[in-house]
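Sharing a structure below in structure tokens format, with a few things to ask.
Letters A, B, C and D mark the chains in the order given here, with residues in each chain numbered from 1 onward.
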Amino acid sequence: MIISMKKGATQEQMNQVREIIEGFGYRVHESKGSERVLYGAIGDERGKERLTCLEAQPGVEKVIPILAPYKLASRETKPDSTVVDLGLGVTIGGRKLTIMAGPCAVENEEQIMEVGAALKESGAHMLRGGAFKPRTSPYAFQGLKSDGLVLLAKAREKYGLPVITEVMDIASIELILEYADCLQVGARNIQNFQLLKEVGKTNKPVLLKRGMSTNIEEFLMSAEYVLSGGNSRVILCERGIRTFETATRNTLDLSAVPVLKERTHLPVIVDPSHGTGHARYVERMAYAAVAAGADGLMIEVHPRPEQALSDGPQSLRPQEFKAVMEGIRRIANAVDREI
Amino acid sequence: MIISMKKGATQEQMNQVREIIEGFGYRVHESKGSERVLYGAIGDERGKERLTCLEAQPGVEKVIPILAPYKLASRETKPDSTVVDLGLGVTIGGRKLTIMAGPCAVENEEQIMEVGAALKESGAHMLRGGAFKPRTSPYAFQGLKSDGLVLLAKAREKYGLPVITEVMDIASIELILEYADCLQVGARNIQNFQLLKEVGKTNKPVLLKRGMSTNIEEFLMSAEYVLSGGNSRVILCERGIRTFETATRNTLDLSAVPVLKERTHLPVIVDPSHGTGHARYVERMAYAAVAAGADGLMIEVHPRPEQALSDGPQSLRPQEFKAVMEGIRRIANAVDREI
Amino acid sequence: MIISMKKGATQEQMNQVREIIEGFGYRVHESKGSERVLYGAIGDERGKERLTCLEAQPGVEKVIPILAPYKLASRETKPDSTVVDLGLGVTIGGRKLTIMAGPCAVENEEQIMEVGAALKESGAHMLRGGAFKPRTSPYAFQGLKSDGLVLLAKAREKYGLPVITEVMDIASIELILEYADCLQVGARNIQNFQLLKEVGKTNKPVLLKRGMSTNIEEFLMSAEYVLSGGNSRVILCERGIRTFETATRNTLDLSAVPVLKERTHLPVIVDPSHGTGHARYVERMAYAAVAAGADGLMIEVHPRPEQALSDGPQSLRPQEFKAVMEGIRRIANAVDREI
Amino acid sequence: MIISMKKGATQEQMNQVREIIEGFGYRVHESKGSERVLYGAIGDERGKERLTCLEAQPGVEKVIPILAPYKLASRETKPDSTVVDLGLGVTIGGRKLTIMAGPCAVENEEQIMEVGAALKESGAHMLRGGAFKPRTSPYAFQGLKSDGLVLLAKAREKYGLPVITEVMDIASIELILEYADCLQVGARNIQNFQLLKEVGKTNKPVLLKRGMSTNIEEFLMSAEYVLSGGNSRVILCERGIRTFETATRNTLDLSAVPVLKERTHLPVIVDPSHGTGHARYVERMAYAAVAAGADGLMIEVHPRPEQALSDGPQSLRPQEFKAVMEGIRRIANAVDREI
């Protein structure tokens, strides 16, 4: 942290600031500029957030953080990329890309089995499907709940694909752990810290979806919550942020891929379905995500999008998905990756 | 909902779209423009969100919502403004403004009692204080939890001020209900739909803080979750949205006040402390909020902001708060309100 | 500027960075943290933007600006608030608020005269009206051009109100100077630096409208362009920024008022018409702007908004404007200002 | 346009709205929903923007546009993709990708010649370089102006690469036309409509850079200004939009590529240098842009970024650029394109 004093701050004000910094257990380094005095607080970055309260101290102009506030998620702490085991022989974070696909919501047995068969045929690695659904409207379909989990497990058994599904609250974690290979924390819960703490205590991998207004640093702090709980199997997913542009449902921030790969050792995937909100843009953004360096993709697939109970507009039909998988394979080769 | 067909859509495609709309239980109204055919789906708006899946149907260009998807929160449903009873004789939503104030987090007995005394003296109506704190960093102070609730109750008893505190998860609702007069759902949980459903089942008023990237319609849909659970005592709080501007912690969207007052009968308050993030801008934005038509304010007050365990930079000292209360009184009179 | 070296930067890399900083004419101050070395570059802030290129130097992690890059616009340079003379006895920046009003575009003599009469009656101080109109569509009304200027001058003469109108390009400055008392640079031209340089050479006051994605610092840098050209009569206007919210045309950033009043000595006004885009929200946001500390307002008034050639939805009728003026007067008194 | 009446609008209000619509020359189509009446205005979309003023009419709730307001830029008007001739045998918009590269600003002969040689060796197609520079600060380097144009022409002659450079104002168009093969309108001038009209009268291709807060529709309307002036050689460039994320200088909106390719026949390129602001992310975002379907790229290259007079942090060194070109070639092949 750098504490910048106001032009004209008094000696007494400067002394008080020094005292407070030292009182928090940091060493103080003073730097006299042409107009202002700066103080650096030297010591462990993790607790420095408290120093921001110095802004309330007379004579202080502003408090400027220098270092990242996350440790366990940082590539400085662990330079080698983390490879996460997702079960049934599937991993993520290595040279091989990991493709997760499936419907937004599990609707019935026929639907999930059709999708399972299509994924298997296309070479996808993991089945996604929501049993508990966070919906903006209380009047919209809220998911099949435990019945949905049972159907996911059936598809898992038949097609040999590990299963990922969303956990919306602490109460349902235990039930979901019985059926799922990987827990997903949705964009709207990315700063539901109680939930993050609880999934941090489980022994299953956790996929975190970036929130609509979560910046990169906050996203990594949410990962830090899970990691500091003892669960080291965390996967990050870029799925679009909220901006002024309305041509797409969200604005897919693909630059987040190289930025995250630089700052953290955790695997990073991209969800072009939520990122764009329209099936006709998914193919191109899936290719772009792989070219940008993503370790995998999450894509919505539904046998009959025009009748889907949720997210129909952004779901690919099985045949469309198959074609996209071919294209992904070509891009993967071009960047020395493979499916 | 309006379904706009593509230029050149075939008769067969148009027939299929008509059939699907009717299959969902709506009447169809056709309108032929100079270049395109539009279909209107006529019937109860609450279930129409399903029609968006028509975008996946061949020949469809886009699906355009016309009406608001909320009912219980709408001023069309209930033209008269709702007045919410907050306990101990305090109400919100009428001619009288309701001022809630207090520290970001309850830190110890001395602190909360000092604040309680200051509020009483200044004429504030309600004491706020966090016992369970949502923090971006897992290494930051997480609140005194149940000890904090006990301290709030002590201050409540001593100063006769009803108490509002944040509920972060379902598990702690029961405990918090024992101590608090009003439950607060924080900005980061505004789309934690499980939590909204649960607070909707309680018999205490619920204050909902707008999320950093929640638009007005989504905000009202979150209120609709609580209302449709049976709890009609909902208060809305504008507290700043996330934009590109970094001079303030968030961008306080004061236009949201007249927009919300037009669309809903629920009381609307403003939190200028989180909205700006810096104590020196709180006074002016408090005045502006009252001038914009807010029914109340929530302001952070701390006896020693430079030592606060959270949100020090945006907290007013008791003396500063007292002066702001004077100014608020003058603005209130100018818009035919009173404190 | 602070230059933060990477963890593990070599001594040679550090030496090179020091040399480059010194080569640019700054003194270097070294600060050793627990993990990183920081360099401070000490000297005149105005040229320091060049130091950002150090990010391309091996071993450098990032370059962090500390001080504001503007000088002439800064309140540090000139602590007293600037009062700008607008002609015909009207000033802005003192205790008295200055209300500018009028149609988006001058359409014909009848229209502008009706508005002029209404302003005079309501006690407004200045007439606004566009002769050259920036329109998103090339097929929309582009303004009456020089005929519009002539009509503005007629209204000016009849009602004794100074006139402000937009200048869209360098070529029309000379013509506009003949008729207008104040030049307006629109939001879309706020970083049209050639235009800023040219209006900086004129001897008429210049009102700068904040761009839709211009942050406070950039806004002040645009003012710095005009000021450094020799024209010290600059007025700043907040008129809404672009965010994800679509309930209003823009998001009126009223916090910008206290932020700007703190950083600069220049007068600051607010345009609630463009800020909200809907006439029914203008009244409340006008009040809020005055409560927030604005030195004046710019409000769109049109005798028949439902037939306006541009911005009809956000224009007040003369009778509505009169009522708003009454409310503004009350708010002004409540914050020790007057109209 | 759809005009939605308020619930409870009177018959007289409805009649007046019908009359106004017809008065503007449109046919009216009425549609009665379960709660509201809607009117469709049928006729040429280009003038319909005027209908928005109906929002000011009593009984009207809102006015909803249905069709795109651009014609000449639309793929509906011209289904085949436009191929633009850039001079010296270089084209853009066909199967072959077009790579433009060079320094942010022309600084001196040595610099521009070094870059020219590097581009030629790497297989780039066009040389970019700023002679007139739009800078946020009036104290920053403003470009070599006409001397810069002369140097660009020298490099053009020696290396056989057509040249693109920015035009900042109408006054310098004539001079720039003597030296450049393609005119660039920068992000800050994308709604400088006078400038758009003027470049629309020239006979040279025009590259339009999307503004920081310009949405897709507005971007196409800016293209429409140039096209309606008679110049059909327009190229669109995505270069990042402004969002809350600060890890990158802008947020590169790569979804804009498939969205634009769907809506318009004009060539679309991407500038990953401005899009990210940091050289270390340029490689990956260049690959992603090609995978997303871009027709070309614009990349900043400087022989010594650590001494660049502008945009050093985002400029590639010649050797880095060469490696990126190899990677682009592989991605291009994977999507059936070539360099």
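Quick note on the criterion: contacts are C-beta pairs under 8 Å (C-beta built on N, C-alpha and C of every residue); 3 or more make two chains touch, one makes a residue touch a chain.
Note that the structure is a prediction, hence the values are computed from the model and not measured.
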| item | value |
| --- | --- |
| Higher-contact pair (C-beta pairs counted), B-D versus C-D | C-D |
| Chain of greatest Cα-centre distance to chain C | A |
| Chain centre separation in whole Å, for chain D relative to chain B (CA means) | 38 |
| Whole-Å gap between the CA centroids of chain B and chain C | 31 |
| Approximate Å spacing (C-alpha centroids) for the pair chain C, chain D | 26 |
| For chain D, residues contacting two or more additional chains | 213, 242-244, 246 |
| Interfacial residue positions of chain C with respect to chain A in the complex | 2, 4, 7, 29, 31-36, 38, 40, 42-45, 64, 66-67, 76, 242-244, 246 |
| Contact set on chain C toward chain D in their complex | 20, 46-47, 49-50, 52-57, 63, 69, 134-141, 168-171, 188-189, 191-195, 197, 211-213, 218, 221, 224-225, 228, 242, 278-279, 305-309, 312-313, 315 |
| Footprint of chain B on chain C - complex, ascending | 213, 215-217, 241, 243-248, 251-259, 262, 275-276, 280-281, 284-285, 287-293, 327, 330-331, 333-335 |
